[in-house]
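Pasting the structures in now, so scroll down.
What follows is chain A paired twice: with chain B in the first complex and chain C in the second.
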Partner chain A sequence: MADLHIDFAGIKSKNPFWLASGPPTNTGYQVQRAFDAGWGGAVWKTLGDPVINVTSRFSGLNYGGQRVAGFNNIELITDRPLEVNLREIRETKRAYPDHAIIASLMVEPKQEKWHEIVKRVEDVGVDGLELNFGCPHGMAERGMGSASGQVPELVEKQTYWTKEAAETPVIVKLTPNITDITATAYAAAQGGADAISMINTINSLMGVDLDTWNTIPNVAGKGTHGGYCGPAVKPIALSMVAECATQPDIPVPISGIGGIENWQDAAEFMLMGASSVQVCTAAMHHGFRIVEDMIDGLNNYLDEKGLASVSDLVGRSVSKYKKWGDLDLNHKVVARINQDYCIHCNKCHIACEDAAHQCIEFYTESDGTRALKVREQDCVGCNLCSIVCPAEGAIDMIDQPSDVSMTWNERQRLISTFGG
Partner chain B sequence: MQEHQLYLDEKQKIDTLLENNFCIVGIIENLSGTFVAFKQAEETGNAPQATVQLLIPETRKYVTNLLFTSRLDQSVS
Partner chain C sequence: MDSAATNAWKIFDEVKPDMKPKEVMEEANRCLFCFDAPCMKACPTHIDVPLFIKKITTGNMKGSARIIMEANPVAATCARVCPTEELCEGACVLNDASLPIMIGDLQRHTMNWAMKNNPQLFEAGEQNGKRVAVIGAGPAGLSSARELARYGYQVTVFEKQAEAGGLDTYGIVPFRLPKHVALWEVEQIKKLGVSIQTNTEVGKDVSIQAVLDGFDAVILAIGMAHVPPLGIPGEELDGVFDAIQLIERVKSGHVTDRFSGKKAVVIGAGNTAIDAATCLKRLGAARVQIVYRRSEKEMTAYPFEYRFAKEEGIEFRWQTQPKRIEGDENGNVTSVVCAPIMLGEKDASGRRRPIEIDNAPFPMNTDVVVKAIGQMRDVPLIEAFDLAHDHGVVAVDPLTYQTSNPKVYAAGDVIFGNGKGEAMVVAAAEQGKKTAQAIHEQLLSKI
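== the complex of A and B ==
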């Protein structure tokens, strides 16, 4: 059994699986249930001046056969007084001293506001703080959440104010609703952040009801934009983690968030540089006990890879993440159809004809049956045929070895010496 | 026409010039593709020149691969 313990910027946890700040961490009852299920830590639902929420609040995007491929919410931060939350945090920490409790915080961008809440929250024994600079809805209209998080100067300044008062590690949670997340990640590091976490939710409108013409969700016939999360956002989150993990001037640990719903997702974020992961939507969809499979799965995977500790996994793929210009132009793969598995649906042919390079063609076998074959010399290895193919194993992408590697950047440097 | 055949046609033009003692003296890339300027190597003064326009990505890669490999060989030797 591998060691799943982590030390994330000084926050110790018996495994890297934390509940992200959100509806599942609204109360002590919920967080204690989560800890009983096996979660190593929880980021308490964002504390601040208590709000009044609306109904309804959530909507799910079902795609094909999958429910909740994406999830949207217009719920704001805690609607409970700070004292109530602090009492429950204290009780929970006393009952579960080996579990990490991180308080998510959101207040107006004023120094005294950050100082006050930091002191009050740390008094009840939290293990760390997470600054919510990410929620794109509601609170942003009041100058908080992503409205703060989209301005690097405000991120740096508020992180600095927090650090002035904080004795526990400070994590800055970043918004993806920005062109370049490394700008705000850098600002957080400059402000003294001990760690960063990403991503918060993505600005979204889930849909419009074609019968009523109401937005989805709607509040008495009116709607607003919300925060999008769930499996659909994982590639966006993973890319942002990679962007930050590859920047030497962002030298802080990363907590990965965004569409993680099983151990494989978690391992991908860790390989790309996250040393803890946070989960919300999957816990809302499937319940706290999903963590059992996450723990078992990650443990088995580490054993299979011969890794003694989860920390040995962190960042192993970071060096493989490059700028496009540093990719090898001479690397070539081509599609090959395995006739033993092909079900002759012709989807690959249609996709290649309509949307790719017209290199999958019909031919007639010796027994008179028609089949499809890739004209490999015209195949650009785009993968589209294998992506749309419904028959597992029917299309393989075959590596075509090349002797010399040449990247776009190398090519352009070469051409520049020839007057190009 | 299949793109591979177009590649072979463009590659043939390049290979023919190189076989006839032309060498690459300039490369310009613009919206119309890559223009490769050749000059016959051993001539002086009014040496024969030629320019080939390359339209196909594989050929544009091929011609720079020739130069790239040549540079690599020189750096090794």
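== the complex of A and C ==
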């Protein structure tokens, strides 16, 4: 059994799985149920001046008959009085001293507002603070959430104000609704953040109802943009984590958030530099009990890889994440069809024919059956055939022996040397 | 109708329920949408299976129904009676990877939608002034009529029965194929302006000459006739029935209690034998045995039909040859005396030849004997048309479906036989389509 304990910027947790700030962490009742189920920590639903929420609030993106490939919400921060939340945090922390409780905070961008709320939540015994500079809907119209998080100066200044008052670690949660997330990550680090977390939700409109022509979701026939999350956003979140993890001037731990719903997703974020992960949509879809397999699966995986601690996994893939200009132009792979596994759906053929490089051809075997083969000299190794192939093992991408490595950047340098 | 009668009829309700909505979406989404799909090639009518299933997933049910019926005008029937495990589902690439897509059930779902919502899927073509007569309103005749109407022909179908649909209406048990399904398909064809004249027997109510003279082309789609005699003593006894007639009676709503509590023997092991046997069971027969002179391997019933019969409690007596039927003093059947059979070398049909074991006859006590040993041919009508034939199987050009009289075409069971093809509804539908195409190509030059 590997050791799953983490120390995230000073916040200790018995495993790296935290519930992200959101509907599942709205009350003490929920957070305590989550801790009973095995979650290592929870980021309490964002505290601030209470708001009024609307109904309805959520919507799901279905794909191919599966529910919740993506998820979107127009719910705002907590709509319960601050005193009630603080009382429940105190009770929960007292009952679960070994679990991490992090308070998510969002107030107006004023120094005294930040000082005041930090003092009040630290007073009830939280293990850390997470500054919500991310929610893209509602609060942003009031100058908070992503409206703050999209302006590096505001991120830095508010982080600084928080740090002036805070005694516990401060995590800055970043919005993905920005061209370059490293700009705000850098600002947070400059402001003194102990850690960053990403991503908050992505601006989205889930859909339009084809019968009523209403937006999805709608509130009395009207709708607005909401925050997008769930499995579909994972690649976006992962790239943003990678961007920050590879920046030497963002030298703070990262808590990974975005579409994580099992130990495999979690392990990928950790390999790419996250040292804790946060989950929301998956818990909303399936309940808190999903954490059991996250813990068990991660444990088995670490054992299989011969790693004694989950911290040994963190960042192992970061050095493999590069700029495009650092990729080897001379490297070549080609597709190869394994006839033993091919089920003859011909999806690779039509995908290559219509959308790639027209190099998967029919031929007739000696026994008269029709089969497909790759004309390897024309294959560019794009992977499309192996992506659309439904039969595991039927298409392999084979590394070809190649010349000396040559990246675009190296090539440009050479040209300028010879040219100059 | 009193409750007993209602219940009696209920046992003839369609056995298989429609798929549940979630089941439909899960199954439809499982389809890989293969390119150049083997299911489509395996279907005799070449329904674009991946496309009709894709349309189910997008909620485009009208489009799904159009894709299916474009290829097969009797697709609601075929979705119920096709041996899908030998055709589309047997060819599904997922057979090797997991489980084949339930194509037949999905097709049935789409066709059920179509029957309920009745969209106008097709239009008659612009009238081209040519007239075609179709003799027989079974699947082959209806299919050719539908296609010809879409090409712009004025089509008249002559049907001797009171209702159109042929075997689909009269010859397949209602709990597998309710009559309303076949009649709905007939309605779709009528909507295209096809005139279907029922209770009209060509050669009797309408003269053959009138048909030959009054139309630019004639399609003979008369199918087959009743079950031939067994050629054994006792066939005239009370209690001996023809399977086709028995099913026809039930299909027409005549529920009788005369089989209630009786023992029955069905002779033969084809599709009709299964239908007759399961039908008798539902009519209350206490014990129903199928006797067949060859073995399980040679029977022509499909595996799904065999499974169904066994589920219904039908017993099978293989390698058993009826020798004579015995009766009591009142002329009622009391037993069938049978001889055991051993199977010898393969004969011309590729099946092992049955050889009777002498001196070992045994009686099977029974009240009812149902003959289901194939169907006869309407040779007199074929000869009245002066068409070349081989034992009632009309000779046609395999490409144009033209008979020895170039003006007369033939499709469906009337050309089935002598070891060629299978007498399936779906095959008849395809032949009807092809005949229509051939006629159109022949007459096009004259339009």
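We adopt the following convention: the second predicted complex is superposed on the first by the 416 of 420 C-alpha atoms of A that agree within 3 Å, B and C clash if a C-alpha of one lies under 4 Å from a C-alpha of the other, contacts with A are read in each partner's own complex, and residues count from 1 in each chain.
Note that in this section a contact is a pair of C-beta atoms (placed from the backbone, for glycine too) under 8 Å apart; a residue touches a chain by one contact, two chains touch by 3 or more.
The model shown is predicted, which means the values in this text are computed figures rather than measured ones.
J.: Quick one: classify A:Gly65 as touching chain B (first), chain C (second), both or neither.
T.: second
J.: Of chain B and chain C, which one touches more residues of chain A?
T.: B
J.: Contacts for A:Ile415 in the overlay, against chain B (first) and chain C (second): which applies, first, second, both or neither?
T.: Only chain B is touched by A:Ile415; chain C is not.
J.: Where does A:Trp324 make contact in the superposed view: on chain B (first), on chain C (second), on both, or on neither?
T.: Touch partners of A:Trp324: none, neither chain B nor chain C.
J.: So in the superposed three-chain picture, is A:Ile350 touching just chain B, just chain C, both, or none of them (first/second/both/neither)?
T.: Touch partner of A:Ile350: chain C, not chain B.
J.: A:Trp213 in the overlay: touching chain B, chain C, both, or neither? Say first, second, both or neither.
T.: So A:Trp213 meets neither chain B nor chain C here.
J.: Report, in rising order, the residues of chain A that make contact with chain B in one complex and with chain C in the other.
T.: Common interface on chain A, chain B vs chain C: nothing in common.
J.: Touching chain A in the complex: which residues of chain B?
T.: 2-4, 24-29, 61, 64-65, 67-69, 71-72
J.: Under the stated contact criterion, what part of chain A meets chain C in this complex?
T.: Against chain C, chain A makes touches at 64-65, 343-347, 349-350, 390-391.
J.: Hey, which residues of chain A end up touching chain B in the complex?
T.: 329-330, 357-359, 375, 377-378, 404, 406, 410-411, 414-415, 418-420
J.: With touch defined as at the start, can you tell me which chain C residues reach chain A in the complex?
T.: Touch residues, chain C against chain A: 25-26, 28-29, 32-38, 57, 93-94, 96-97.
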